[in-house]
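Read from first to last, the chains carry the letters A, B, C and D; within each, the first residue is number 1.
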């Protein structure tokens, strides 16, 4: 494999190519193939971007059909037939059946752009600058979003410019089992000298992806919603990684029966890995004036097309969601078993997550890396997350075959045993 | 045309669909077609994103070839064959012949992401927080980039959070003909109490697109480079809109024979309107540590593929550049003629720009709007820019046929006469 | 009493003159006299500025002696004999006997100036921007200090400019009896994605004055010191209100046997109510370059003189400290009794504090105001503090006579009974 | 002279004691005496704090009278007879005769506190964050004020925290003789994408003290007022150094017949070198709510007393102002002569200033230092200012005797000749 030009020309900022130092060429559903023809089971799936698998045939066909004629590809924020098709699918298949009434903003097609737009909208709507976010939260790295992202790696790489406008609260479970961390938040809200500026909004992931596959309790999320209502604070669910079915429902917050004021989606939203994002907002929050937030690629018609196809093909009934839940149980059980074996080796380990967003916390990044490096040797692409990279995580395509899922899990178990024996 | 769902569901932030209230469906080179079959000449070209035209057949073929097999579409920052092909094309066809030695960072695929990465890199490299930018500059709207963007529309829509880390200097010509605005910058740099924190870098557009098609003098740019060198400040050329051939050379700064320390590209970089961006940096500035800046869509293989095809097809010799220069002259002459006619009506007007980035300054947004609205009625999609929208601008595809170019210019001239008579 | 010109000309920002709407003229030790000759016991003592009483004769004599000749009054940061006398007293009588080795900075003569200098010194020394502060902390209202002050009243009056560089942690007791709040701080320090930027320093009051007379546990303070040492963070004790003997020792942190890296003093430091402040720093932290922090009144020789006299007269042995401790017990017992009576009325109340910095928490500002307003009617000047003003506080002169102390306590008890019966 | 303890214990931040390494003890009007009995003419006068001279007998007598009884010294923001006396003097003797109608805020007693209060008031009143300030402006070093101060020495000593909320414009003369710098300001105000956030206020010194004794043109100041009115921006005159008669009128802006919306005073306001400051504001701007801005020493009764005495003794008619103007002419003529001599030596030099705020610009700090060091040897305390310390400045007491003034000027001339021959 020729990697010289890649190593020479690409900035040292590159990272995944260090964990998986091969040149990938082909990819199909849950399988990746490198230039030398070696196949890998993919439990990373574009960091949660390929919920429908690589080169999903139904979605790809929609793309090819669109490309077969000279349909408009790049459309700024024109009205286009592609955008209309997407909005119809979103409204008819996703929003209405769930009783949700949202308007949609297409900011730039990346997650961080969606977060920047969401928090700015919240600030404009409430005329307050503060956004509450949670420990181990990840919401992007552009400067506005970074104020709500906890990772020091990014926060310390701003060349000395502190972020402005974010306040961190402890996420569910952060203070141990006996403590409801929202008590602290609620106390601060009611305290006139606690140092917490009354926030415009709270941004939260219902399952923290980069933060270590921490799934908040559904009661906790419900209570968070109630606190927000009581204090006139907007609830923003960042569903960029946990949304689009990853947790077993289209929106991750459906499990808790909460209705956010603002939702961000990206990653798997296009269904095929194309850059795409959206901000959903209660209609009364749409205080934007024309053109107050922009971006060149906010009308990427190929993504509208594949995103519509994804919704049309997978979300007209609940069969896909149930499949995800079923597979989630499979992973959960197997992860629990692996975690138990690791614990037996004297390394405390535990399983966690929701739906097909699952992890094994092995306590340290060093141990987790041993396992994932071994897994890659054995043909499985799998990554870690968490503050120290201590959680081995499964973000496999939701469409993975039972056979590949089993094979991936087998490799992981075997790799853990090889690595830790 | 059914626009109800578009109007109902899309946020009020939408803007181009107000100027051009039709549903676009087809697009080919410099022609757009709406749902009712009406054709328009396109002098907007995705706000400079479609330098190679809509559905450019050569570039599109590369995309279709890539999609014909199950090649990887979304690759995080893996090594992929698609990325390698792009880097090879960039290195062999663009950089080496120009004597440029740059490393490449792929941040998120939008312009604002590239700017955020570029200014953060400059800050990290120099360990200073300040970035100097220019009046009427536009560099994106995420909070980091916004610190360098002059438009109040965006700056006042942050919900009260002031931007941090940008200082504005007058752009070339801002203080009138007799004044070299760099005198002021140089004086402040040498003044220990002038209030200008020593900057890490200067970010500049060689032709300000959103700012009103202001082309800085080549001597001014050269002097700016010298000032940067003398004061150990990094020169960042934001070539997002002016790059990729728009001014008649691949990089807009080639005209002035300057070599920036950092370059940002996006918009037309993918050649087909796909989201894509890059940051070029002198190798010694690559102080990034692995993973210090990230983004989900930084390995969009379809864009690598089309971007490579664009370079391979258009930049192996200087014929395309010369074509652009020739067409630029055509537009310039015609714009001068239109401007002269407008001036005769008592409205002071003048032509400006470089290459195929051209504008007519008619003094007020109101007048400019009259012209562009009439033009749309007459079958030409054309927009305005400048602080008050006072500049009617031509960003037509570089690949536009002479026939369509003439037709577009005819419509514009006719529309001006209809609007202002 | 003529108050018209005061009411007409002074800004509405005035506040104490609303609680005590009389014109004060004379003042002696713990007694205030208004223009009509009415006397009041003073349990406010300049918000803790008059530890040695109004017009303390020994200290005042030093002032008069100094003024008797044409000694320099205002000396910028010249070397002056007055400054030397102060430094000698500080070194010989305060620092050396306590085994403390500090250098001294005289910033502007106000507390907020000392805090600004202290946190800036910490940032410069550690090259990190973040300063950790605590819920209900008060450290001044200039923009730098305000980042560490919790009160919304001030934080929301900045005209929309968010403060930069402060992170709030829960103070001792904030999360209830069972929780050591430093667990949270320590967890965040060790967490690479908890959102807490590694701080340059921690600023803490050992007894929070404005925050409600919250005295942190001495073990808690000791542990805070250990955490700071373990993580290379500077410990800054803001002893502006709790220092100069208020808690029964010269420095409030002596009780816990901790040695801060940086200390701020002001309020009672001059001994006579003259504006004066200082920053003490471990010698190795003195990274200031000449003139990097300035202020016109940093060499106020009258304050040097009275501050020296205060030290010379009160701190050469421990008799004064013991007197304070004894009186503190008197107040504590009596406050406990009053609190018990209030609790019997169905209003939960409790006593708190250290030394002669004492409060009764009556649960709400409304109730506390009733008591203090009645007390003023009855001849006692006493104020409230706490986030809602729910704590009736005693900051009487440390030099108060036993008779006046009893009288003041009697008035308070009687007033509470009148107000709440 | 014993300086060991001073050198050992005081932070390296000390600065004037490096230029004048003696221990000062006595001071009377324009004379300083060191510990060894050597006398110096004082052309520094507390950096403009001692307009009425050291130990002014009339003002000092008022202080001694006040201290003779147990009058209240420290009064928070109580109503006191001392405050009332001051307000009456201010209103009757200063404001009314000048047709000025202002309310008064007493923030903390330092200049930087007054500036913090003033700009915060402007922001609150206009609900905008930006404050425009000028090149070479100095308005204090606490973080809020520092945003409006140009000196890099202070701006770079914040430990990496950038200031927020200040924008610098070129001061009068900054761009050379032919250019009215307000053209640039006015253009930016009218430019929707010039990068200048619409300011709440403009803060300006009519003569820049620390910035190099730059006196703005009176027409320029008048035009600045008109621009502020036209754009609904508050005009804040920082008269901390130039006020209290320094320029030949009580307020420096009287020369230009402008009426600022907000004025800050400090330095000589107390008349005797006591810490004292005030903010004057048009009554309709007093949007402060009770207690929104505070500070322990805002009711320093000794300063009220001396400040009243200063006004009562010097400002009931215009004789003192005329004396200042007359002496200013003396200094101006002599400085011009000295500057001419220096220019003859091949070092371009020029005189500048207004009233008794005068300077000789000798082009470099190195040359200026040579002169002032020599002057100190010869018995004159005189300092430099300007971005490089290139201006030898005279801020002698306004009450200086003609004899001492001549003597000081003689020493300066002689020293210049010694230093530069």
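As a convention for this text, contacts are C-beta pairs under 8 Å (C-beta built on N, C-alpha and C of every residue); 3 or more make two chains touch, one makes a residue touch a chain.
This one's a predicted model, so the numbers in the text were calculated from it and none came from an experiment.
Asker: Work out which of A-C, B-C or C-D repeats the contact pattern of A-B, with more than half of the residue-numbered contact pairs in common.
Answerer: Matching more than half of the contact pairs of A-B: C-D.
Asker: Going by C-alpha centroids, which chain is farthest from chain C? Tell me that one.
Answerer: Here the answer is chain B, farthest from chain C.
Asker: Between chain A and chain D, what's the gap in Å when you average each chain's C-alpha atoms?
Answerer: Going by mean C-alpha positions, chain A sits 57 Å from chain D.
Asker: With chain centres taken as the means of their Cα atoms, state the distance from chain B to chain D in Å.
Answerer: Their C-alpha centroids are separated by 48 Å.
Asker: Give, as an integer number of Å, the spacing between the C-alpha centres of chain D and chain C.
Answerer: Roughly 31 Å, centre to centre.
Asker: Counting only residues that touch at least two other chains, what does the list for chain C look like?
Answerer: Where chain C meets two or more other chains at a single residue, that happens at 129, 153, 160-162, 164-165.
Asker: Contact residues on chain C for chain A in the complex?
Answerer: Touch list, chain C to chain A: 129-130, 133-138, 149-153, 155-156, 160, 162, 164-166, 168, 170, 174-175, 179, 183-184, 187-188, 191-198, 210-211, 386-388.
Asker: Taking the touch rule as given, give the residues of chain D at its contact with chain A in the complex, in rising order.
Answerer: 160-162, 164
Asker: So in the complex, which bits of chain A are touching chain B?
Answerer: 1-3, 5-6, 9-18, 20-28, 32, 35, 44, 46-47, 49-50, 54-55, 60, 63-64, 67, 69-81, 83-84, 87-88, 90-91, 103-106, 108-113, 116, 119-120, 122-129, 140-147, 153-154, 157-162, 164-165, 200, 266-267, 272-275, 279, 281, 286, 288-297, 300, 302
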